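Just passing along the structure, written as structure tokens.
Order as written gives the chain letters A, B, C and D; numbering starts at 1 within each chain.
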């Protein structure tokens, strides 16, 4: 069994980034159900993110999505965040919600649309300069709905060209994280469908280009922890968009669908050195709380990542390696399952107590009256959502 | 080789129903791209459906979706359809786009919501009485996003109760088609996930309850033609919602993703007697044309069903049976592949000519000026979409 | 929190059946890796099963597979089992390993083959009469590799006929469990692909026909606990073949791939009354230990089912129902996740102690010297495997 | 419409390699059904391959599998092939059928096993020197059944080391094709699960390392033609193992499950220049004819690849590009579907006639008496299979 103080030290250093858009309304193509107390702008989203951090102590940054979080003065937004005890994290460009992007953004057959999309990507680096963000988190909705609709190969060439231009623009301490997704919103083909495509582009671009793994973006049966281990070993794992899914890109709370998979991913992270800040692995959430209240869902999600990490830290790496080398299949497997079977909630409660936090963040949030306050205060205006 | 005149006679009798909602704007959760010339109301949708029929000759009815197609006077709407040479087909209730339905409709834990949902289902039968529609086409978005969210078993009991009430209300020549779907918009569990669930409910309800097969609503690897053959044999195949998909419920043009699968489905239909009007099998489209123009996409879809049907009719059933009984795997398979490899476009062109239609409906539609006319005329107002 | 003594009482009554074939060698189509100490006949397999029971206390029966376990005198085999403290459980016919079955068994186009297959099924009921087994566990490998190879509908008719003949033959206290499987060894179509097909046949046969759920036999994305809840509610859940899988029918140790799924299944069992002996739900393992030693793998599997059951018993059903009815998504979900997060190993150790067992069955087995003894003793002869 | 003489010229040059092992008995883990007339050794397999070539005219080489095709004198085997009008193609090492390989070959935790496996790979290059084969076709069955069983990262390091040693050994005109497979026979993780892993290794090795795409080795929903287009563009597509599948690695006749997918793959090949001999793309079959006769199944498979290629050659590339650039989704898609709908059998019959072949190879084979002759002659000895 590992040393608990070392486990707690590691957990104390872990940082989990919340996504501003998860505080707004979201839904499926069938319906966005409205909730009460939803933020009306980026400032209120950051206030919610700060609340998640206040109760968990490990979520000190919030990712923004442009133009959903467009403001006149990003320095002021960053200052607002700082005042609330958090900071602005990754910047996420959006090149999929304009009618011009019907056939794609940087892969569009029309050069004018490609130029517009590239302009937006570059604008987001400008914003990063102001907010001090390290990561440009690129997800492209580009793809095809029908065979033959466009040339797969030419679209790769267009993609290369745009990524190179953005890469060129990055500052010394800035990175580009290239996310992949195997379907949706394009149905037949996507232009960055898998980690292999993302990795290939990153290799050609340079070391500031890293692969972003969204845990919901894989074909069924894909072993995500293999990808994590592979990329970590090659120093190309930029970070995660955590969420969980049963079939498609469900964007449910991370750990809600398959907590053992999340644990296995964190085991690879721990064994591969991905918890060290120097590794550069960013732990970010990317979720949609379509039917449940947003703030407690995000608190729960942060806790889920923490619990999986704590269990992964309990894996006896020395014993594991010994049994693996001896070819003891059942023994080596049991090292993992024993760690997973452990109830780490007491350990985490203890840690929170040491950090001056309530040991039960969900209960503390409920008692805090925050939920009631935002319902009362956020009246009028337009609730934030994906479309705004 | 089958007799061509018999093939043509069968094709001449086949009826394919278009869905009113496919003429409106649609999209994914990420974006609904606006198109020009989109109908603003049910009347204009029916005009578009009539146009599809005008060029194909085999799409004389159009399904409606309530409340998307709500009008003050359904008799007048039916009259309008008749004036344009078509009629109103299946009525599709919508119990998923009201905030009340966040946790389900007839399976909702709240009895008041269940009552409201049931009321809407019954209202749709009222509409059927007026429009003369035979089929109430029920798809429920009910389900769960998270394990434990609600009781799977109790929801089945609520479902049974609601379906029984609707069944009771059906007139002598009316039917209830119960659609199933294995995910989306609910991610963890749906309340009618598969044909087995639908079939079980239909058995308990009675013969006017029939299973509706949407070709995009299955788990990967599901053999749809097995389901078709099974239900036909048990006289419980109410009909189809045709579309195609690569991974999820993509709602692409039928036949666009896997034309051989569509052919195999039609082979089971032909061999099982499902082309006979007496079988009651309804061939309906249910599609979303997110990035392509709607009217020609629907014409193309009708043609795709026709082509698959024509190829299925070319299967030499006697030879097939002989080879099957002899255990000649390659020979029996070749009977199918030979029919599929046949180019049936000349046969269909000939048929259209005999029916007084242009042999190339897509080209004829393009020449007709209809596309330009609706763009010019449909200015102002609100384009129809899923939300209205 | 539930009462621990009630939890322990329920766990004490649970029975998990081991499969004789899991003690023999198995593998993939690529290779069967030989292990040492493998039983050479049914008697030795039963000795291994008795060993699993000796250390776990809840595995007092062993399923047999005919002809793999064919003996001259089944009464003697049953006596042998009894002497070792176990009994013979379900009888599993095998109608897929004779060259005659290349195109199927009871669905074969050749009536002579169908007759032969039916004869074997009936022979298995004869064996049940002798062994006192309650359950005939039918899995058919019947299906098609190529479209058109045989008539799906006619094969259903042949299946109906055979099942009816077997059903007719069942004694008063005997049951037929009809297993389904969506692919393998047939690739294009299987004749009992899903629970719906099995359920439909069972409904037509009568109450002694029940559905058997093998947890590895579903298409990706299938919600197994829905099926369990549905069948339990209809009193048609005959039992389980437990195992786990990542993609196909991997037949790994139950709980090894997705322990949270196993827990959710057991939650439905507990909530639906399936733990009551009166429910008739049989908990059987059906696994292949291709690369790991068999006996400890089966002990581990029994423990995994127990742990999942224990956690399911810890679900606060009253609180769950209250939160479900209130529409509290996060709260209701947390009732499940709290139970799952609990470390039940101490509770189970305590239970075993009360039952006079070693609290750590795996360690006790290792210390027992049984593994070394069978390696030493079982020399010569032919190791048991699927082929014999 | 393309020029038919150019289409025929391209088809005349296409080469499709048959696999020696497909002429032997094969099956699933459940059963290998024996057939009559099966070759007893490599010489007889090559005779069967030569027969396929005799009737199709485009299958002049046969891949071998070592040790299944082990002979004392490979020069003599090559001479035998030459005498029959064919030649030996790719050499396929087998490092998965020895008990030593239970936990892997070159990724095994035991250095002695790794050394043995590497030795076999190198031995296969020796054989290539003798047979004049260009391609070493490496598929590794390495992987894990259980989480934690071995270190994913360390196994990658071992893999790198072994591949580097083999690469070093390659002669000037020799290549290494690295195949990937996402599951089976390992269930939890495979060591080369996807094209990204294979591509990454190939990049590190050098230009003689190329990716081998087996069309049955992908997760559901994977767009194979994207991979083909990507690799062709990067000049890293070494070739194909063609076959078809409905769910897993079914190894059915290519084109039997989804002929439209095969067509789309060939469209990317044609558009990307992959039909030019200079591209180095090898078109190889890798199939198992478990229930159907082998030789005609392979003839049919060769024809299926030819038909898909012919249809792909009919795609009007200029028109396609024009419509793609104009953003005409329906028009561009129709260029593909029109080519696919064309019946190319007459064109291929004409081509065969020009090549001095029977226009209907299947019928000609049936008339030839070859099937009867091998049944009569191949009596005694051991039928070839995967195990020998």
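Going forward, a contact is a pair of C-beta atoms (placed from the backbone, for glycine too) under 8 Å apart; a residue touches a chain by one contact, two chains touch by 3 or more.
Treat the numbers as computed from the prediction; the structure is a model and nothing was measured.
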| note | More contacting C-beta pairs: A-B or A-C? The answer is A-B
| task | Match interface A-D to one of C-D, B-C or B-D, accepting only the pair for which over half of the contact pairs are the same residue numbers. | result | B-C
| field | Where subunit A and subunit C are represented by their mean Cα positions, the distance between them in whole Å | value | 40
| field | Centre distance in Å when subunit A and subunit B are each reduced to the mean of their C-alpha atoms | value | 38
| message | Among all residues of subunit A, which ones touch two or more of the remaining chains? | response | 103, 145-147, 182-183, 188, 220-221, 223, 246-247, 256-257, 260, 291-292, 329-330, 333-334, 337
| query | Hey, which residues of subunit A end up touching subunit C in the complex? | reply | 220-221, 223, 246-247, 256-261, 291-293, 296-297, 300, 307, 329-330, 333-334, 337, 340-343, 345, 362
| Once bound in the complex, which stretches of subunit D touch subunit C? | 26-31, 33-34, 96-97, 99, 101-103, 141, 145-147, 182-185, 187-188, 220, 245-248, 250, 252-253, 256-257, 290-292, 386
| So in the complex, which bits of subunit A are touching subunit D? | 103, 109-110, 145-154, 156-157, 182-183, 188-190, 193-197, 199-200, 203, 218-223, 225-226, 229-230, 232-234, 260, 264, 267-268, 271-272, 320-321, 324-327, 329-330, 332-337
